[in-house]
Amino acid sequence: MSVSVQEVMGSAATTSVQYSFPVNQWYVAALAWELKEKPVGRTLLNKPVVLFRTADGKPAALENRCCHRALPLSDGTVEDGGIRCGYHGLLFNDAGKCIEIPGQDKIPSKAKVPAYHVTERDQIVWIWFGDDEHPEPLCEPPAYNVHSSGKYLFDGDVYHYDAPYQLIHDNLMDLSHLGYVHLRTIGGNASIHMTAKMTVESENDVVRVIRHMPASVPPPTYTAAYPFKDKVDRWQEIEFHVSHLRIWTGAMDAGEDSLSNPERGGFHMRGFHGVTPESDTTSHYFWTIATNPKSDPEVVKQKVVEQTKMTFDEDKVVIESQYKNMCRFGALPMIDIHVDTGANRARRIVEQLRTVKL
Amino acid sequence: MSVSVQEVMGSAATTSVQYSFPVNQWYVAALAWELKEKPVGRTLLNKPVVLFRTADGKPAALENRCCHRALPLSDGTVEDGGIRCGYHGLLFNDAGKCIEIPGQDKIPSKAKVPAYHVTERDQIVWIWFGDDEHPEPLCEPPAYNVHSSGKYLFDGDVYHYDAPYQLIHDNLMDLSHLGYVHLRTIGGNASIHMTAKMTVESENDVVRVIRHMPASVPPPTYTAAYPFKDKVDRWQEIEFHVSHLRIWTGAMDAGEDSLSNPERGGFHMRGFHGVTPESDTTSHYFWTIATNPKSDPEVVKQKVVEQTKMTFDEDKVVIESQYKNMCRFGALPMIDIHVDTGANRARRIVEQLRTVKL
Amino acid sequence: MSVSVQEVMGSAATTSVQYSFPVNQWYVAALAWELKEKPVGRTLLNKPVVLFRTADGKPAALENRCCHRALPLSDGTVEDGGIRCGYHGLLFNDAGKCIEIPGQDKIPSKAKVPAYHVTERDQIVWIWFGDDEHPEPLCEPPAYNVHSSGKYLFDGDVYHYDAPYQLIHDNLMDLSHLGYVHLRTIGGNASIHMTAKMTVESENDVVRVIRHMPASVPPPTYTAAYPFKDKVDRWQEIEFHVSHLRIWTGAMDAGEDSLSNPERGGFHMRGFHGVTPESDTTSHYFWTIATNPKSDPEVVKQKVVEQTKMTFDEDKVVIESQYKNMCRFGALPMIDIHVDTGANRARRIVEQLRTVKL
């Protein structure tokens, strides 16, 4: 099984191939704490993969198929030497080489499965597939020091989406839906969200959407977590990378500091959002939310995580309903409105990276 | 998404198109009491539609897809001005025109969704789609004064069928199955049902099947609802219209009056059956049952409705099993028996109306 | 609906047709005790069949489709004269002839459904379909006197598999997986299973795999059922027939007798395994397990049956997961190991019998 590819016919000089996803990227394969004693089976970019830790704690990723009788290796068990198939006991090391066939002395050289590049960094397990020209990573996986700086408490989860990855990008790049979808949690006043001044910048493959909402009424999640005096100056900063987004939001007492000061105080919610295609039509959504409680740190963190879960549950309902309806109606034209600027710029980047010139 | 169409090749003079359903008809879209505060999303004749009431209480029907990002409008909320999308808050009036884009002054002229003709009459909400030549209704929607005369108490429900609409027609046009499928409720004696004299008449697009069963033992539903002395003269009158049927049945004490007298007394059960294709292979079934209790009107009505529900549940099991088996076996020939006369005549009418000459 | 057939192109002299299954075989249709008052609907070799008993207790099998309106006959009722359709009451005898149409005197000659050859033998109901050349059975159905000798207590069950029949063959022909899949029950020591000497013999369409494991530690199921002194001499004898397998296993106190003596004593578990394709991708698995308790016969039998169920549940999980993964990955090459000898020989026999020369 390979990544879906659509050949784009062109003149001899411009023939190109369009992948379903940008493939020369590090994608999130797992959150670090998912990989414990049991192996994890997960399809990523149309490739079924088994993830596990080796004896020294490093993550490993193999094609999730025993080369003997095709059982998923994720049905097997993790041992010091690697992963053992749950049917006839073949043992594979982290390079995919079969190192034991119970009851048989000779191990044929064909007894092996493909292995993939995985690296754990800042509690995120990243995987690189690459196209045929780039099986080796072109760069280091991204850092995310919110997880390792010690300044924040955080937690997170993995959601499965019956929707293609770009609909999740669209949702995350536009926070104006907060006023309609997330009234109960982080929404606040719809018209303030809609009329807030929005700045959209981009540089290489990164897009930034920034919105400042001075003198806002703080939404329920905020007041539950932080002792604001009254109105707040609120910010939302979205940074789109091809395989993940950082959404850093927060608020401070109105007038306390400049909204543009990166060192400003107040209440922070720093969200990490890894969006990894499972298939052309389904996705994995790996998220963490980090915060800086003023007091009762564990209690406040729990509250923030709970509220965030509620919010993401609401998004999931909307996005899956949207995709189901898109399937129902087929490719009808859509109209754009003012809130789509950031999402559309992200889409152009993805579009470009999906297309590989031959 | 449009109505499925199959081109029928023919000579130049007789080229015609075959729709999956007769399209130039009023179909039942909803029972009046279904449309409350929340919008109703429902696919009718392969078209996903959102149904709601405007501020003045009139029903409205739009294509169930926001023109911005394709969310079903039925996920949104009904307001005085129309229906508001649950994602980014676009507001559409009952003509499908977008009349508000939150945070944006100018509304592009393309911001609109198709609207359909709907009319409420006698507590039934009717919808007209029509073919390309007949987008405007060719007639008024049908009256059903059993719902408005004040002589009857009634209630009803909507069932979803995993079976195409014509199998429901077949079932309703032939009441001889009562003796096998509905023994516990309205069935009565199988052989009486099977040997009862049956009259089949038709006129234009209407078919009538009439059966009289004099001196019958009244079935459980009847005796539970009405104080019959002993045996009864029983009638069944089925009137097929292309998009709905009326099945008026009842009984009076044997010999009390002529079975042919439309003003005859006794116990009446007047059934309305709206059969609206959802897709080529699935259907909506809107039914009401009205009766004229002699005493304890609410109690008796409840009993009649309950028994009717049980009966229709039994039919649903049979019809869905039948359709599943038809799919399993494919297009094998069927044999006809004496009870099929009415149903076959209805099928010929539908066949004719599905075919539109070009 | 007919058995799936794939035409194999060849030279004029060797043109042949490849069926999905060997069709000129007796297959298990039911365990005797499944056929009680209610008819059983079951698809066998892609043919939907209704099974029932006639007034004299003999099994009958008809195409599971009323010739009137296609309802499955298995939704109907068994009567002395045959089986009556649950929709309009047509009655069919065990030859498939319609012998009553309620309310209609004349029965058209076309009113009939296909009937199949079924025979009950040793509490197994066998069915013969045959190809177009061999609609009549070419032999008697197999005997299985473990069910009738009186020496054993037994019970069994029917499992439905979302996997094609040959994956079940593979599993049954190789008992080396016991050490990995069935540790909790009949597994025992993995390395003993894997290194046990295995003999594979074949003769016509029968394959025998025999393994002797002298001086083994008896596994949990064995010690629960039989008072072994200490270590045991253990045997596994698998006999593959095209439509079913016999797996006779057991153990006696180490050194008690020769493992090759067919009259040896000790603890016996005699398994019958009817593997009948439902479709190209799904299967029925009819199994019984018989044993010879030393004391507390009913209690011990119950224990053995329970443990066997647990074992077969484990196999089902593995095999269905294996098949799902094969579908995920498509036709990738597999490697063979030492344990595959028996299964591969069985596959060659099936391959040969599926191919019919024209």
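Order of writing sets the chain letters: A, B and C. Residues in each chain are counted from 1.
The working rule: a contact is a pair of C-beta atoms (placed from the backbone, for glycine too) under 8 Å apart; a residue touches a chain by one contact, two chains touch by 3 or more.
Since we're looking at a predicted model, the values are computed, not measured.
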Shared interface numbering between subunit C and subunit B [over half = same, under half = different]: different
When subunit A is superposed on subunit B by its C-alpha atoms, the rotation angle in degrees, nearest 5: 120
Inter-centroid spacing, subunit C versus subunit B (mean Cα positions, whole Å): 47
Residue numbers of subunit A (touch at least two other chains): none
Interface residues, subunit B side, partner subunit C - complex: 170, 174, 176-177, 179-181, 190-191, 193-195, 318, 321-322, 325-326, 328-330, 332-339
Subunit C - residues contacting subunit B, complex: 1, 43, 48, 64-65, 67-72, 75, 84-90, 101-104, 108, 110-111
